[in-house]
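Next come two complexes, and both contain chain A; in the first it sits with chain B, in the second with chain C.
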Partner chain A sequence: MARRAPQGTQAIQRALSLYRSFTPEQPEHRLTDLAAAHGLHPSTAHRLLGVLEAEGLVGRNPDTQGYLWLPESGYGGGERPVRRNGMRLLEPLRTPFHRRTEALCESDAWRDWSGYTCALNYEPQPDYEYWAVRNTAALIDVSPLFKYEITGVDAERLLDRVMTRDFTKCRVGRVMYTSWCNEDGHLLQDGNVQRLERERFLVSAAEPCLRWLEDCGLGMDALVRDVSTDLGVLALQGPRARAIAEAAIQGVDFAGMRYFDLAGGELGDAAGEDRGVPVTVTRTGYTGDLGYEFWVASEDAEALWDSLTVAGADHGLRPAGLLALDMVRVEAGLVLIDVDYVSAAHAEIEVLKVTPAEAGLGFTVKLDKEADFTGRRALERERERGPAWAMVGLEVDWFELERLWEEIDLRPQVVGEPASREPTPVFAPGGEQVGQCTTRFFSPLLKKYIGLATVQADAAALGTALELEVAVGYGRRRAGARVVKRPFFNPARKTAVGSASGGHG
Partner chain B sequence: MSDRVAIVGGGHNGLVAAALLARSGREVVLLEARSELGGLASTRELIPGHRVDVGANDLGMFRRSLIDELELQRFGLELIEAPAVAAVPAAEAVVPAAEDGGAVVLWPEAERTAEGLVAASSRDAAAWPRFLAELAEQAASFEPLLGRPPELADMGRLLIAPGPLRFVSAPLDELLREWFETPALRAALCGLALLATGLGPRANGTGWPLLYHCALGGPDRLAPVLRARRGAAGLAGALSASAGASGAVVRTDAVVSRILVERGRVAGVQLADGERIEAGAVISTATPAVTFLDLVGAPQLEPRFVRRLLKVKYRGAAARLALSLDDLPRFRGLERPALTGRIVLARDPDDIERAADAAKYGRLPERPWIEAALPTALDPSLAPAGRHLLLATAHHLPFDVDGGWSTAGPELLDRMVAELERWAPGVSGLIREHALLLPADYESEYGATEGGLHHDEMNPSQSLWLRPTAGSWAGDTLPVEGLWLGGAGCHPGGGVTGLPGRTAAVSLLRG
Partner chain C sequence: MTEGAVGTTGTGSGGPERGSGHFDAIVVGAGHNGLVSAAYLARAGLDVVVLERAPVIGGATLSEEAFPGFRYSVFSYLVSLLRPEVIHELDLVKHGLFLVPTASTLNPLPNGDCLFRESDPQRTYHHIARHSRRDAEALSEYKLEMRRMGHLMFKLQRAAPDELAAAVAGHVGEEPDRAGSEVSAEVADIARYFLDLPKERMRSFLQMLTMSSADFLGQWFECDVLKAALSSSSIIGSFLSPRTPGSAYVLLHHYMGEVDGVYREWGFQKGGTGGVAAAIASAARGYGAEIRTDCPVARVLARDGRACGVVLANGDELTADVVVSSAAPQVSLATLLDAGDVPGGAGEALLDRAARWQSTGCAGKVNLALDGLPRFECMPDTGPHLAGGITIAPGLDYVDRAYDDAKYGGFSKRPFIDMIIPSVLDPDMAPPGKCVVSCFVQYAPYELAGTTWDEQRDAFGDAVVRTLAEYAPGIEDQVLHRQVRVPPDIESIAGIPGGNIFHGELRLSQLFLLRPDPAAAAFRTPLPGYYLCGSSTQFGGGISGGPGRLAALRILDDLKRRGAEAR
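Moving on, here comes the complex of A and B:
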């Protein structure tokens, strides 16, 4: 599990030899080629090149993502990188799809996601993007996910030790959605784990967890590699996703793929020039709809985007931004880290920490599994006494909402708004606060004002009457709500398997 | 769940725990990997016909009450008190004995030491009894903590008492300069304190080992040098006999390869030959690294505990050179009674500091500083008639020495002999046979991680509530239920005290 930063003179020698590879004849190199030519691990080469880049000695070619010699900058005069107070300005990162998303982003509305600049909505309003997920198909750049490859004889053992799910039961070609906890059984993150080979897994996570994986793997024959920047990830979601995927990707039996299956394919149709570009396909997504996620080497990212766009032209495919994603994931009842729960990794006070069960992820905790996974004993104790909190779906009484707004002569100003992430108190009817609603929005599809809420366990039963604080104008009012089933929307096409190109759900 | 207690390691701490638990009616099995008991306080015939102590040869810090409680004298322990505690011979420079470079001898009796110091410095002679009183006062703050697990209430008490806090945290050399002008006197005290430590006397935190030494010594004096007849193994022999008489099973040549843990609770131990021994509790006297990383295994432990475990420093490598001599060597300026204690071969604390400097950078010291002992001066039976045994220990050695020990070992031997010759001219002509134990040998043969003879280094950042790691100390809060540490690596620490083993046994009995 040794993963050391290059040190001392060796690092200087390596950096100089990397720098010497750039010549007027060959001013540009790909990371993987450079690493191979110098016998370096790509992550080592990446770090060293990062230093050269920060010094203005090399740059990145925005077209190819390759490293580019900057003979005139740095010490040779010419244009220097912008600096202020001696510091290089922090620039947002670009995903491997950025040139494509940037060209399409009419609204110029961007949001930071783990340091990456991501389209919030492509059009001035997210409506069409939202409807594309439910009616046709949408393309969502989810590359900012942190990605870790775990290889080695003990790769399965490491995952089984870290994760609450039973990875001895994860077959090659499957993806498992799982939680992972700290020693006290408090939820650190949730995420998907792909089993690509017997001894090769890929963990995708919303937040960094390299050190955690390494620490948990101490004493095991397993290597954890941060491949976050090596891969671009595109989600293709919506009823037409299968038809589009079939047209764009070769070698994958999309009709036969079950929910959370994984397959390897290639880009391009028979005539396409991108044929041969390998793509990993998972039948996963964050929308609760039929859909796939495509995992591709960063340098092939644009080819993937283009193939899917071409294939999707006749199917009403649209790029969708983060606002639309946030809406559909609520309909799907899917929780979001640091919105619906706080990771124990950075919960500042004890009371913010939750167990998987309290975050609605109890189904990912397998106390019958063999391995003594981190947090197990705390979760066993929790099972005995029961979780203190529960994640529930809330549906607000629309007529009551209308009545409250009528008092100030307005219709409810929630329709056509993106999801609100402002935590809002939830009360027992006419009584004390029993929890908080962390995400809510008016679902255009369901025609309901719905939300995800964490409430005391005794207020979590289906049908429980509650009250949600709502801002009506400048007033704080309470609207009646009740606990309903999650997911709010769960079409059969999400999991359906069959030869038909699942067009309608 | 089995009622049996399995004890890993038959050093003096493991044997103390075995004897105490057996006396309390517990079923005890002790497992020692080697053929002989005693661990780093054992005696082997490293030179034919000679009984060579492989590590500790001074039992002066062993808790007296244990001798009575476990009836060690009835079970054969015979202790001989050396007339001298420590001595620094006259340095090689030709100077009048009364001036810089003269010999210094520390006796158990304060007045006798002071009398001897008058020749070097009447000021130091006058300061000596006051220094001992001050030391005793500071040490008294710690003495009660050393015989039991430290409690958080103790921490508050110590934090508001500025004296002990300063003594614990300051560099030893600076503290001693405040009292004494004679370099050899300061060297003698540094030599007593900084055995098996990586830190030199100018490093912060080196006051602590001297306090530790004094706290375990006696109420108002330096710990006397006590030797067991027939070698340090005499203690292990008596402890083993005492434990056996109470029903403990003491097994040698029993190599524990795993401490079995099921769902966070200890289940027993597994031996290298596959034998499983069920046990409801295990006391491990191996180092924290060996116990948790090798025997339990990191995958069985909470990541936050493993993180802390990986930060433990084991600096404190030393090498033991045993020499069979034709006669007692003549150390300049030392009469025969002065040769019975620890002989510190350093002109001043800087000699120790320079050795520590070299070790810090992975190099052998040009002049290793040696702590020497002449056990045959007290007990001639340790060597054949007409022979004497000189045990020379070079401290402050790098464990990962440049070039490796296969080349550094012979070089160290030459430098140690040359150093001895400087202090005792003619000694090299007396050498008949020799044996050398290197830091790598202490690790491979005695499980001393990185050759650290105190297991984890005895510095304040790894002592008391921090030993072996913050939040996980003796008798408390270790992450595996039913597993206790009972060796030098846990509170209170190294040296032949019996206290880590006693603390483990007492904590276990208390539940």
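Moving on, here comes the complex of A and C:
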């Protein structure tokens, strides 16, 4: 006796049978033919084919308007999409989480990040996603990061030569946040380096650096391998991150993990289906909150996503897009390459280049380390004369904003906007320009208009009064601001160890 | 301590024994406005004590774990009006202010449809257009007009028209009667501003003060469902129907939160509304204010025509240079004052007016602990619409009938309900998988005809759950615990006479310079040294902190002037 299919599966069966009509021998069909062959009303067939088209399984022949088989989509037989040389020409790149993020991205708002299509905001407004990071927990797909595995006897020596931090002090199971510079001491990038084993590291960076790492390691016994597409990376950030991680991942002592610790674990979801999938966990993130980043093989990405989503259902977990990320990272006082500073690798003119100290990353430069790292001599000279610029936190005076908008008979129109990345001049009070504000927004959490600014070193002391140019109506005005401590928001839970997740404030 | 010390340093700072001592200022009541006042006074260097009759601070901003694992915001449940200057000047975020926005409003309808509004106006257009394209288009114009009206209100608040208050009050206090003298530049500015308003704006403003919200909204919209949805803010906390003249003003009062630069939306305080009071108290203590609970005040002490302290219920006396009360006028004026202490023989009349202040509570709170999220027939999934407000007000007739029940002394059989699900906004409010629901319910009159609340409390709770079940079938089976609070509870727990959440109806007869009394406008009372700072003062009502701040600034100003005169 044939098993009766459960209700609601009819559409799936019809779609599959439609898809099976496409063969290498007959890769193209007309809608009417397909509908007739399957006994479907043309509008039903059209709807089902539309889904197949949206899924990338079939396409349209622009000349005939017929439906075309897209064999390279590679669905079926349990296989994942296979792409020619890792990418299909003319098609945006997808992260390994894309099928999950796409299903959730109701806003259809996407942004290109390093060539990958990433959700800008999942819902029409980024508000709830932003608050999830500070109030509950958020999942953020950060897979577009470039990832390089460095192995070999000289792996540590290579990193110690390239990086400004001291990698002889980086123990296995730790992550180091570091800068790296060119010979002139100008900042190329900042990023995290994981020490997975004694002779195995993983560098994650916003921009490519395979060539730079290889060239710096010339003659060393160290292999640099680009594993960017091999790994999916998912950030779980927010006060509830630990509770969710503990429910989703086995074999990791989350309560005992310190900030910038690294641990290996495996998925341990309740269903048990994905049990045993290995995951690397780092207690890192780009939000300044309690959080973790999970590093998995790309083929396991969806299993990781599903495990965390199930575990987070009762904790207010939401996916968060890049707009929300850009807001929280400003509150955390974290700089962004090519927004808050220009990498020396592609600064067209000399004045755009900065040293780590000038980009607010002076704490990553260890001049007391032994190795002769790239840029060292220049940075030593800088230490003697002092950096010319400084990255500062700016807080714009609320009452100044009220005053300026009052002149055009409005309340300050600065609330509810995502972070602005348009560089804006910063002035000495009533005087000359002393720098520029590169990211700014009104923090719904702090109820303050804050920004990251690069200013002349003599205008960088905490409490220094400055002025920020603001657009009031169509006019350009100056609002009083002052230099404040970065990070703007730094909850105890970010670094707390033990069961307490810490309050905020 | 930005303002420098004002007045004299009290002798109470050395840790006076409970129930005695001298302070620069005594604040009666530790609701949010009393605490704001205390914080500003202490911030200016004054030695301040806050005296609260209840065992806990917060007044109507109160949270409690009434059922294990579930936290209720017992009375007030959302914050939108909190003044930005209060947040900034008292650094309230540092002290724990944490407001999660509720960005949408869902109005379920009996036919299984709904009206949904989001923060994105373009998307909201399409939601409304399903019901009426004309109204969808009108909504943005309406909101613009309301923002302009709200801005006018800010102008009024900013102007702090001393002279006008003095003119209305015919002041007998330390502020000499300035009526007849030349008006200040401030008053001239505000007068100019009003005179220069476009005619249609002036007309709108006057309409707002006098019309019913149903009529006012009727000028804009054709769709009953939308009018009912928008009229919600015109009745919340007021014993009015949307068809009662004067209700349009309440619309505007609630709209001011949306106009303001800091919020423009309603926010939920993480951990419950009690967190707002806790943050303000923390700021006040940080500036050195002392807060005493379980410390009811019996009356205000006066000597030589000036307030000089208070007598506590236990008979102890505390002395102070100024006394400021955050209580409603029935308490602040009618109870705490001795008519004979009011100079000029105006005491009896003043106390009499205060006792007759219109402040009848009309709203109840039903807080529910549920086994899981409610499923609304109109949007049965558990999407982000559950993070917003959910209002049961499917039509103007529906709300008007609910009002009719109450008009004759009953609670609404099918009430107006303004609901939020705090645990969706803040999972700390309930155990994982469970949820708490906060229902603000109208109408529930303070006094029931022919019966008592003790007898009707459960029936009222049942009516609420039954009404919700019409839109969220099955919710009645999800209830694990129910807390029903009615106006007499608000009165006894929060200490607000009549249980009116605004400390008095927001109607023209009780607004502006008439709030709470023509002789006690602009925060001063006829008894020099005795001030008012609660929701029943100018621009009061809602968690704004505005009255608390303005009263404190008035006091500091008076102390400074007094100090100058003494020198």
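Just so we're on the same page, the second predicted complex is superposed on the first by the 407 of 505 C-alpha atoms of A that agree within 3 Å, B and C clash if a C-alpha of one lies under 4 Å from a C-alpha of the other, contacts with A are read in each partner's own complex, and residues count from 1 in each chain.
The working rule: contacts are C-beta pairs under 8 Å (C-beta built on N, C-alpha and C of every residue); 3 or more make two chains touch, one makes a residue touch a chain.
This structure is a prediction, so every number in the text was calculated from the model and none was measured.
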Room on chain A for both chain B and chain C (clash or fit): fit
First, second, both or neither for A:103, with chain B first and chain C second: neither
Which of chain B and chain C A:351 touches, first, second, both or neither: neither
Which of chain B and chain C A:161 touches, first, second, both or neither: first
Touched partner set for A:314, first chain B, second chain C, both or neither: second
Which of chain B and chain C A:445 touches, first, second, both or neither: second
Which superposed partner A:414 touches (first chain B, second chain C, both, neither): second
More chain A residues in contact [chain B versus chain C]: C
Which superposed partner A:128 touches (first chain B, second chain C, both, neither): second
Contacts of A:219 with chain B and chain C, given as first, second, both or neither: first
Shortest span in Å between Cα atoms of chain B and of chain C, once chain A is used as the common reference: 48
Residues of chain A that lie at the interface with chain B and also at the interface with chain C: none
Touch list for chain B against partner chain A, complex: 263-264, 293, 297-300, 302-304, 306-307, 310
Chain A residues within the chain B interface of the complex: 157, 161, 182-183, 212, 215-216, 218-220, 372, 374, 376-377
Complex contact set, residues of chain A against chain C: 123-125, 127-128, 131, 135-136, 240, 314-316, 398-399, 401-402, 405, 409-416, 444-448, 504-505
Complex contact set, residues of chain C against chain A: 84-85, 87-88, 93-101, 103, 118-120, 123, 151, 154, 259-264, 270, 384, 387, 424-427, 432-433
